[in-house]
């Protein structure tokens, strides 16, 4: 049979090749970061080294990490720009709060209530993602981006006119576009533009950690599965993907819905961390904020997103001492960090410095330049 | 790999930098021996006008008190930015707690107020909010008090005033899709027994075009338009109504106050606008005039109701604190309990937003709103 | 009559969106980036004009010219400092930077001019609106002028892009950056020029918008910016007549949705229309079809 | 499904043991014997392949591909017109012609990247009307691309695994939670992917990102990926483009190897006449969107129309090849290896609209 086997590619020919991503390593770093972060922060909180301000952000940080990772599923892994991620967070938040309120009447054990709420939030957000995704995923590039933006705004707008509450007998009431007549203020659950009110805050840091771990687990597993590979293939080359029988819509929808479900889960936890959340919270600005985490952490890079989300959530708080200049400083830092991380000149400089610091690192980890050169050549052909 | 690492390194560096900066700390004013008052409000973003006013009003009162009583309890004031977002507000409140907050001068906005009230209750921090007007802010929290009218209160007061004084008017409502405006509107609608001919809303603070809403009012024949909104969008509404040649009586609530302070505002547009407000900058009372003068001297602009509320809050808290007989070094929780006792024990405060203000056990204030009408560019009390 | 009234309001609002969208679309055409800071340049334009005319007592039209100049410089500066370092690194990085620039401009404005709204003095201060049909139909000078300005700007831009050397260079760069460079076109210059024109237009848009809707705050530009961006996509982003048509249609839909359906759901309706248009015509009304060589 | 012998799925791995060379010889002899290969449908009444050494591959007499009067217009421009082709089930067919003649457009129509304006395509006896690219692949047609289209950021192994997705039997939930079923299936397709890699001599490259491979390896990988979808017909678009002579020779062997091993039909577009004349059993020549000649390699080689189309009537149009290659081309021409030289106007006609 030997003669039948074609001449092997020699390793010499691969000197410019780049090894593929290593899932195990990525998973290890991601889980490690989360768990180590949790332990350090918990210890800090217990020992009193970490102030109230930071402690108060534990849950939001987890929520944002989870959102960043789930958005990464769309932006990094599926390769589509989404500007409406906060919309799914909103769906998850309000449905989660609603369920928590109803279930909370019968179930005293809070972690269980939170889990149920998160599950329900995920289901509802997935449903929203499905309904939205079906028509729009045929669009491409910036056009898809603007449609996701539009859906984000539509969701916020709809949340503004949805009312839920208990009537006098403890029955759930729903109204659309007008407040529910004749119910007490504290029997309102979701009150249109006022949002979810009177929520019992049940979210804990541990819940947040679980959410993050679950999100990472799902996204990394998905990435390393038949479906994930199909999603990434379509991202890399849609036409080739179709040519090997991958249905673009199906797989894009899969990524979109999974991402929406995870965002819904995060939204539910977010909703249960504050006694009130207004729909306005989930507008374009929040969607963009999550996108900033993703881009700054590196598109497609899970643990990068974890770090970026954590740091960027804390950053505006750390800038409080600048008083009036706080948000200005934040803006400047954001611009500078973007330039520093993406500008080719600066990037290569930093790489050079890094290489000097770590001369031992082996050769197959560098050089994507030859690859780029070849790509350019290919396109030219 | 390297690429990622570069990015990571840069992001991490930025983070470390930030923490380093944060930890060396700006000179924060809270010391152990002062009575530390803090506020969380929107100092940036679309609602910054209200947060800044509260910050300035509070600071002014603190400065006055400290200057007047160099031997008494010294106050310290710090406002933290919350962008009118409950999440940020909790952060702002926690920051104040880290710095040694003794008494919380509420949040400036309602939604944020609800979120923070719960935390303040857990921490047992006495809270007197200048302007967070939702019922839910005080509800269920014995330590949280409002200095402003709450939303239903305003809605009810407005409804009653209109029923009593302008019974025959056909009423239209333009409200905003936010907690403040909807809270008032809902109560107004359920309380008002007259004829409501049209109800329209708008979504955002920087909404531009109101012609559709105004046309609806006009078509429905509304001759009184109730506008429970802030004055920034109201200024646009007035301008456009004027251009359309539609001139009903516009009836606002406390958010409408300040419309005359908008720079370069053509006061003739607001001619005849009515509003229920606890505070009128042009009122004749000595205290008000003194406050307005001090404020203009300090900040170069006329105070609006938010500034006045904060100003009153500080004075009320100061006076109440003196009644507790505690030292400024007392424990925050201890202060809280003592303050609750004072506030619910018949304590009255007088200030620029009301005389003889009293509080009930749920934390709501009892004071009478003033109905004003804008005539020749000044508020005239009715 | 009611229909006509609403139509006029729609056109008037739409023409504001359109003139902003023109700037958006030009910048997108050449640099393929969503310049989310565009709305904030409008705001700066408004403030500059306000400062000139109210604080310094200048003639409103002179103030407009100065605002245009300032915004043009600002546009070039932003491109130079924030966007150029990231050219060629993908549109996402630039998008985020644009958002950073947007925050930056808003907060600078907040620090300089404070949060208290400024009431803008209209370019047509004192010009009485035209009242027709016994006062039930009102057409303001601002609306008429904005619509006229729109048409003029669109024609001038179209001529500029098609007839002048610089305009052709711009088109070449927008078609194929690399090839244009090989043809000896100074790409940097072309992009700077586009930003200059776009930002100059933003100043005009700012002044016209504030003339019609006088409340000026640091966040004034944010929402019209997003709406105008929507309008640009509606019309087919990159297309100059598309931006104008998109803006006008969006304005009309918005007003009609409020007038005839529900003010509560107006935004949802506007965006739903956008989505429907894109589903039927995936590259907007006048957008070029994307084709991919296989 | 799980542990099915890989050989059953790759029937080419047979025990018969005959080498390509003798098979080729006999095959050509058969051709001379009057069997119609690669001719117009009308002439195709005879069984495609006679009893021969090739019996195994030709048990089924339905042609794998039967194209009738295919045509497409872009705007007002007719890119391809009246294209007819019939391809036997294990035949290697060649599609040649100057640049812009419409060859890739035909591939695009076959795989439904473009919907044909006229005519009909019967694949495996069934009309492909109403099918899209995905359906076409599921029906058993796979292709490669002129400008390589790999999933650049995935590894070589993953590129193949993706192509095996129809053979991978687990749900999204299994994928998300990595259930035992997932592990079992992943293990199986990994083994399968490695088998493909082994056949193509690329096991060493398994972990590298596809986009970073050397050119030749990328071409091989693309073919491998197409094969992994288990097609009945493989379309190769300029497989030898950019390869040096030794790589090309190797590629020729590869293509024959594929046909033998997998017993499938192959239709290829190629400019390298050496390759085409050596391995194609039937050739169609296209110019300006129309077939100008069709037949066995030797017939094509001597067809005056073809020579004219290639050498042109003195059209000094731009040459695609670089200077460095020119000498090589000259030499090749002398040896009877034709090369696309004339391109003329059709070059302007973009195949991608």
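A, B, C and D are the chain letters, set down in written order, and residue numbers restart from 1 in every chain.
Criterion: contacts are C-beta pairs under 8 Å (C-beta built on N, C-alpha and C of every residue); 3 or more make two chains touch, one makes a residue touch a chain.
Just so you know, these numbers come straight off a predicted model, no measurement behind them.
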Chain at maximum distance from subunit A, centres defined as averaged CA atoms: D
Identifier of the chain whose CA centre is least distant from the whole-structure CA centre: A
Inter-centroid spacing, subunit D versus subunit C (mean Cα positions, whole Å): 51
Subunit A-subunit B separation of Cα centroids, rounded to whole Å: 35
Distance between chain centroids, defined by C-alpha means - subunit A, subunit D (Å): 42
CA centroid of subunit B to CA centroid of subunit D, Å: 74
For subunit C, residues contacting two or more additional chains: 107, 110, 264, 267, 292, 294
Contacts with two or more other chains, residues of subunit A listed in rising order: 157, 160, 239, 296, 324, 327, 342, 368
Junction residues of subunit D - those touching two or more other chains: 113, 145, 147
Residues of subunit B that touch subunit A when the two form their complex: 1-12, 14-15, 18-19, 21-22, 25-26, 28, 43-45, 80-81, 85-88, 90-95, 97-98, 111, 114-115, 117-119, 134-136, 139-140, 152, 176-179, 181-183, 186, 190, 203
In the complex with subunit B, residue positions of subunit A that touch it: 51-53, 55-57, 60, 157, 160, 179, 181, 185-186, 191-195, 197-198, 201, 274-278, 280-281, 296-298, 301, 304, 307-308, 311, 314-324, 326-327, 333, 336-337, 340-342, 347, 350-351, 354-355, 365-366, 368
Parts of subunit A lying in touch with subunit C, wherever the complex brings them together: 75, 81, 135-136, 138-143, 145-147, 149-151, 153-154, 157-158, 160-161, 177, 239, 284, 288, 291-292, 295-296, 299, 324-325, 327-328, 330-332, 334-335, 338-339, 342-346
In the complex with subunit A, residue positions of subunit D that touch it: 13, 111, 113, 132-134, 137-138, 142-143, 145, 147-159, 161-163, 165-166, 168, 170, 172, 174-178, 182, 185-186, 198-205, 207-209, 211-217, 220, 225-226, 228-229, 241-242, 250, 253-254, 257, 261
Residues of subunit C defined as touching subunit A within the complex: 28, 34, 36, 82, 85-86, 88-93, 95-97, 99-101, 103-104, 106-108, 110-111, 226, 229-230, 233, 237, 262, 264-265, 267-268, 271-272, 274-275, 278-279, 282-284, 290, 292, 294
